[in-house]
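Across the two complexes that follow, chain A remains constant while its partner is chain B and subsequently chain C.
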Partner chain A sequence: MTADAVTLAVALPLLAGFLSPALGRSSRTAAQWLGWAALAASAAVLWSVWVRLDGGTAAVAVGGFRPPLGIAFYLDGMALLFALAVPVVTLLFWPRAGTPQQFALTLVLAAAATGLALSGDIFNLYVFYELTAVASFGLVAAHEARRAQAAALRYLLLSAAGSVLLLAGIAVVYLRTGTLNLAHLATLAPERLQDPVGLAAFALMLLGLGVKAELFPVNGWVPEVYSSVSGRLAGLLAGLVSKLAVLVVVRALVLVFPRPEAAELMLVLGTLGIVVGELAAWRARDLRRQFAFSSIGQLGIVFVAFSVPGPAGIVAGLAVALHHLLTKPALFLLAERWGGAIEGLRGAGRGQWLASTLFILFALSLVGVPPLPGFWAKLLTVMSLMEQGTGPARAGAVVVMAATVVEAAYLFRTLGVLLARESGAESPQPHRGPDLATASLAGLILVGSVFALRPLGDGLKALAAQAVDVDGYVRTVLGGPGMAVSHPASQAPGGAGGGARVAHVPPEIAS
Partner chain B sequence: MTLLDGLWAASALTALVAAAFGRHPAAGSWLTVLYGLQFLVVAMMGGLSEGADPVPASVSFVVLGYGLAWQFSALSWFFAVITAGAALAAAWFVSGAWGRAYAARGGDLRLLQLALALNPLAMYVLLASTDFLSLFVGWELVSWSSFLLMLSGGGVGVRWALRYLVYAIGGAMAVMAAMAQAHALTGSFGFGALAAAVPELSAASLWMLVILLAAGFGVKMGLLPFHLWQAGAYAETPGPGAAFLGAISSRMGLYAMLLTLFGGLGLGTLQALHIPFTPLEAHELLAWIAAFTMVLPTFTALRQNDARWLLAWHGIGQGGYMLLGVAMGDALASAGGMMHVFNHATYQAALFMAVTAVVYRTGTADLNRLGGLVTRMPLTFLVLLIGIIGLAGLPPMNGFVSKWLIYRALIDEGQPLLFVAAVIGTLGTIVSVYKLLHNIFLGRLRVEHESVREVPWSMLTPMLALAAVVFVTGLAPGPVLDWVAAVQRELGFAVLVPTLGGVDRPDGGLDMLWVVGIMLAGFGVGALIFLAGGRARTVHQLDNYAGGHFLSAEVRYHYSDNFYAGLMHRIGSWYRGSFQWLQDALVSATDFLAQGAAGVYRAVQPVTWLLGVTVLALWWAW
Partner chain C sequence: MSLPPLEIVLYAGAVSLLIIGLAGLVMSEHLVRLVLALGVAEAGGNLLLVLTGFRQGAVAPILLGAAPSGPMVDPIPQALVLTAIVIGVGVQALALALVLRVRRAYGTVHMSALRARLVEDLDEAAGLPPEGSREAPGVERPV
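Let's look at the complex of A and B:
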């Protein structure tokens, strides 16, 4: 299978998404199976491409239009990792009790999210981002509860405003450079975007994308939405969609805006997000809201980590992001039956030992207890910030550590309530099997990764080295003839088939 | 397989057995045997204190490019032997009647056994640290396992355990910051690299490291102002757990300080680090913090009416003596400070067990609701008596030796103010442990305790054994001082060469063999006079008290409530609760900020908010 086939990973779920409502009229089961098949196929395609690339990078010109004019996908370790996470996580968090319409929206969400991970130009990113917004908005609004409706409206308003900001930022970039291809932008940015206007464009894009990425202060929708939708959807949004928005920001930061001011803006907003998120979580009296606020705080740490320039920051950011992707959705699943006021859950954890054990495990890892992965992620973050040594970076490190204290305080206070000897007024229903199974899987991966820390660390370092290699990106997308697949060690032989078409930069644009 | 692997394996096996069979009636005995095995393995490593090569662990990892390796040195061994002994004693205490009664009252015996087994395991990992990374890993393991032990009793203990957790995580984060800072400065986690880099480091970087490390590890030690968690957390832990925690847990902070501050940065660095605008250096700052930790918590202990809380507060105060000795840093003081770790562990474990024995029989540790138990529980009384003599630092018990060394060094070093502080601390200790002894054992027996009997041998054996150690190491402190000398040598302190009875110095040493001999001779003379004094009349215990004044059995009279009323009349107004106030103020401030943070998400117009932020961001970009 050529790298070209990667378009299928986006196209198949999208196609299945359009077929699903029609098919659902005759058979809901068939629609469900169609969705699963599409997602599984998408995952298989991505996996086989990843295996084929074998640590290299590749560019794909969709439909044969050559970059910088056509639609480009860029495949490297980071992009494929997140792209692969999309169908896998979507399968795990599939809305099992949903209608065919919800299946359709979920599939569209998955397709758009995959596109977001792979896309190599900003216009496409915008399109996929909008598609993600529409799909997730529909999914939130599909919940019957009035609270969910109100939350959906709030979400819609903020999303729309965020899209406008993103579009404005893109427009500025286009006005300045005349291109939207990321590789092309990377070559033009040093001379055309190194001024306040370029910085403003980054700020606009950051805030626009930040709406989905739960960036403070544009995340006003988060607590309402997460506390009123199902645990599965909350897990999908908090775990997956937020990370993909972050990924886009990181790409823009590395390729187009490699300026200390831009990183500093991210650092400051991330730090504020940690403070506000964790403090609000400390006060939250509702378990899902507590997790929602905690998620804001964790995304703040992700931003802070990614703001450190160079591979160290990427490694730390990836570690925190992946850790959060693993733990927070699983916690939202556990909150499915433990929703509502925390005080009402007195003693609810007794007798549900699997769920309680998983909660303890995730809490320990979030707080960062060695040897669990959360500890290494936190350590990498703090160390990269201290290594950077500037005032704001150190302040960020201090905030990350202070937030840990607050986080431990509220997570274990909640656990104390859950495991209290005396029981509350009503005991909640036991957890559903599939929810517990998914959460257990996350727990197993978490514990298992303790034994694979060495390869994981090496893998992350390789991903990060590739991600910060701007020249490599430009070479892969715009580089020499027949060099569709560029490999760090040795060039892949023979032009890599007919799929990936790569063009020279037309002289009139390159100048 | 090295002996260290063996120790870890034995300890892990103990934890597994506790987890699997903790509720089995015979589990207590098996576990005691396993703890004995751990102690044996530690004892087999005894060569470490005679200059043998460090014992490495066979396991090592490379994580994210950092190596993780472990080994036992003389310093590790000194703390490990105390840990193993305390764990053995505590497990023995649980193994029989106490454990059965605990389970019968609805306690989760398996959880307690498991927590009790995990604590020494975590400590053996911590004590084998070779660099900042392994230290931090072990540190967290110790913190969380003691958290589990504090939780295991449920009830009030959970609240205190949660408070401990906040302090512990705060401390751990300070350590993490220090570790990241050290790595940023030297490019490695090694203590050696840090020591080598010291000459190039600025005073500001050094101060940052010193403050972060001292604060981070000081939390565990209960150093002022981070002490508020400790008394409640230890006192509300189930009895044997409290004995173990009180004996050794918070000393892990001292171990880590010895390793990083005194071994890593080096005592010389601390002595050369001047505090601007003052005549003090860094090590004197530590000594003064230690002095305040000795005095204030000790006088807080004086006001406690719960025997467990009284002991726990003393545990904080005694930690101050240890740090004071180490921070002064000369041969005598550092030997005294480190020996006090051993001494304190022995008598504190015995004391907590004695109090737990009283609770086992009477159901209360309230010092206002006990009294006169000396005739009912004479052996427990004996253990408590020996323990408090050790705690107060009086001859002939081991506490005297370590404190004598510290006093002596303070005079030698010309630190009269610190000396006075140490004496005031000891005075407070003597006064308050008398209250403990009196209110439980002396005075008049309460009617409801008439049928109280001595506790069974499963509880008495470890108590008596510990009491014997307190006495014997007081009589002949030489061997323990030998272990300490090995630690001093390893860390680069001046070395104190001991004799069997103590210290031999031209300007006046200490020979406990003589001291104890003369004391016993004095007691012998007193006993002769007493026996020669003629007939004694035995009356019922309910009929004899009130200082010779006649009271009938109907009139209840036991002077325990509002004990030391006169003393409190003088010093009562000095208790301000300032630290409590500080802690409450911090919590309130956090709560206030959190309200503001939550308020952000109650904003009615999210879009207006977003646009406002955008304008701000654009303004910033320009």
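Let's look at the complex of A and C:
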């Protein structure tokens, strides 16, 4: 299987998404199986491409147009890791009780999210971002309760305003450079975007993408949406979609805006996000909103970590993001099980040893208690910030540590209520058994990663080295002398296109 | 970078539309006005995008046989803006549909009232006591 096959990873869920409502008219089960098959095929394609690349990188020119003009997909470890997470997490958080229409929207969401991870063209990123947004509006509004409709409308207005900002940022970038290809931009940026106008373009794009990434000033939708929808959808949006928006921001920061001011802007907004999110989570009186605000705080830590230039920041950011991707969706599933006001949960955890154990595990890891992965993720963040040594970076490190104290305060308080000896007025009965299986799986991976810290750390370092290698990105996409291997099977019949180009960077770059 | 006066006027117009639209999104109260403000902001964004390919006195880049002798405008932003317009129309239609549903469910088209009702609904769904205890924490503080 050649690297061009990755287009299938986006195309198959999209195709299945459009077939799903039609098929669902005759059989809901068939639509469900179609969706599962498309996601499984997408995961299989991405996995086989990843194995085949074996630590190298590749670029795919969709439709055979040569990279600076056509739409390019860029494949490296970071892109493939997040792209692979999309079908896997979507399968785990599939809306089992949904209608064929919800299946269709979930599949479109998965296709667009995969595209966000792979695309190497900023306008294409905008289109995938909008597709993700519209699919998630539909999924939120598909819930029966009227609060979901109101939350969806408020989410839509904020998100659409963000999209306008993103589009304006793209227009400024195009005005200055005349290109949309990220690799081409990376070559032109040093001379054309190193001024206040370039910084303004980054700020516009950061705010636009920040809506989905729960960035500080544009995250008002988070608590409303996450507490109006099912735990599965909240897990999908908080775990997956937010991380892909962050990934796009990181790509833009590394390739197009490698300026200290841009990183500092991200650091400041991330720090404010931590402060606001954690304090609001501390005040929250119900489980869902507590997790929603804590999600804002965690995404703030991700932004703060990624603001550190060089591979150290990328390693820390990836660690925090992947840790959050694992724990928060599982916590939303547990919240769905117990639900409601924290005070009403008095003693609810007693007698449900599996759910309680999982909750304790995730809470401890989120706070960052030493042997668990959450500790290492936070340690990496704080260390990389301290090594950077500038004033704002040190302040960020202090805020991350202070946020840990606040997180411990509210999570342990909730834990204390759950495991209290005396029982509440009415002890809520657990509903939805199967969700515990997904949460247990996340718990097993979390515990398993404690024993694989060294290989995981080495893997993250390899991904980060590849992600910050701007020259490698440019060489792979645009093709440098002697580096690009044009693929024999892809000679377009017209001869003008040149087909897909696949270039391999020698593996020593990844070590 | 010095621009000819015409282009300065055009860029200023596009940016003003963007700012007017965003200000409307922040300041409006009526839901339909919010959607209209969104439309204005999108128009500004689209105009800014299509302006990036504009050149004064240039012709449309349509190749029929021989290429035109004069300068041509950049066709890429025009293709892009078409996509952006279609996305914008779809999102606005969805927004209006949601406004209708919200109006039916809550009986209001005012953002602040809607927000208050939404928070009430969320509290109710979570089984929290309604208002009045905003200042007291939900559970005892740990000692």
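Please note the rule applied: the second predicted complex is superposed on the first by the 480 of 511 C-alpha atoms of A that agree within 3 Å, B and C clash if a C-alpha of one lies under 4 Å from a C-alpha of the other, contacts with A are read in each partner's own complex, and residues count from 1 in each chain.
As a convention for this text, a contact is a pair of C-beta atoms (placed from the backbone, for glycine too) under 8 Å apart; a residue touches a chain by one contact, two chains touch by 3 or more.
Nothing here was measured: the structure is a model prediction, and the numbers come from that model.
Once the two complexes are overlaid on the shared chain, A:A409 sits against chain B and chain C alike.
In the superposition on chain A, A:A171 makes contact with chain C only, while chain B stays out of contact range.
Look at A:R288: by the touch rule set out above, it reaches chain C but stays clear of chain B.
Within the superposed three-chain model, A:A141 lies in touch with chain C and out of touch with chain B [touch as defined at top]. In the superposition on chain A, A:V51 makes contact with neither chain B nor chain C.
In the superposition on chain A, A:G340 contacts chain C only, with no contact to chain B.
In the overlay built on the shared chain, the residue A:S227 is in contact with chain C alone; chain B does not reach it.
Look at A:L157: by the touch rule set out above, it reaches both chain B and chain C. On chain A, the surface touched by chain B in one complex and the surface touched by chain C in the other have residues 154, 157, 161, 165, 223-224, 283-284, 409, 412-413, 416 in common.
Only residues 61-65, 136-137, 140-141, 144, 154-155, 158, 162, 165-166, 169-170, 173-174, 176-177, 180-181, 183-184, 590-591, 593-598, 600-601, 603, 606-607, 609-611, 613-614, 617-618, 620-622 of chain B touch chain A when the two sit together in their complex.
For chain A in complex with chain B, the touching residues are 154, 157-158, 161-162, 165, 196-197, 199-200, 202-204, 206-207, 211, 217-218, 220-224, 261, 265, 275-277, 279-280, 282-284, 293, 364, 367, 369-371, 375-376, 378-380, 382-383, 385-387, 389, 397-398, 401-402, 404-406, 408-409, 412-413, 416, 420-421, 453-454, 457, 461. Looking at the complex, you find that chain A touches chain C at residues 123, 126-127, 130, 133-134, 137-138, 141, 145-147, 149-154, 156-157, 160-161, 163-165, 167-168, 170-172, 174-175, 178, 180, 223-224, 227-228, 283-289, 339-344, 409, 412-413, 416-417.
The part of chain C that touches chain A in the complex is made up of residues 18, 21-22, 25, 31, 34-35, 38, 41-42, 44-46, 48-49, 51-52, 74, 76-77, 80, 83-84, 87, 90-92, 94-95, 98-99, 101-102, 105-106, 114-115, 117-118, 121-123, 125-128, 137-139, 141-142.
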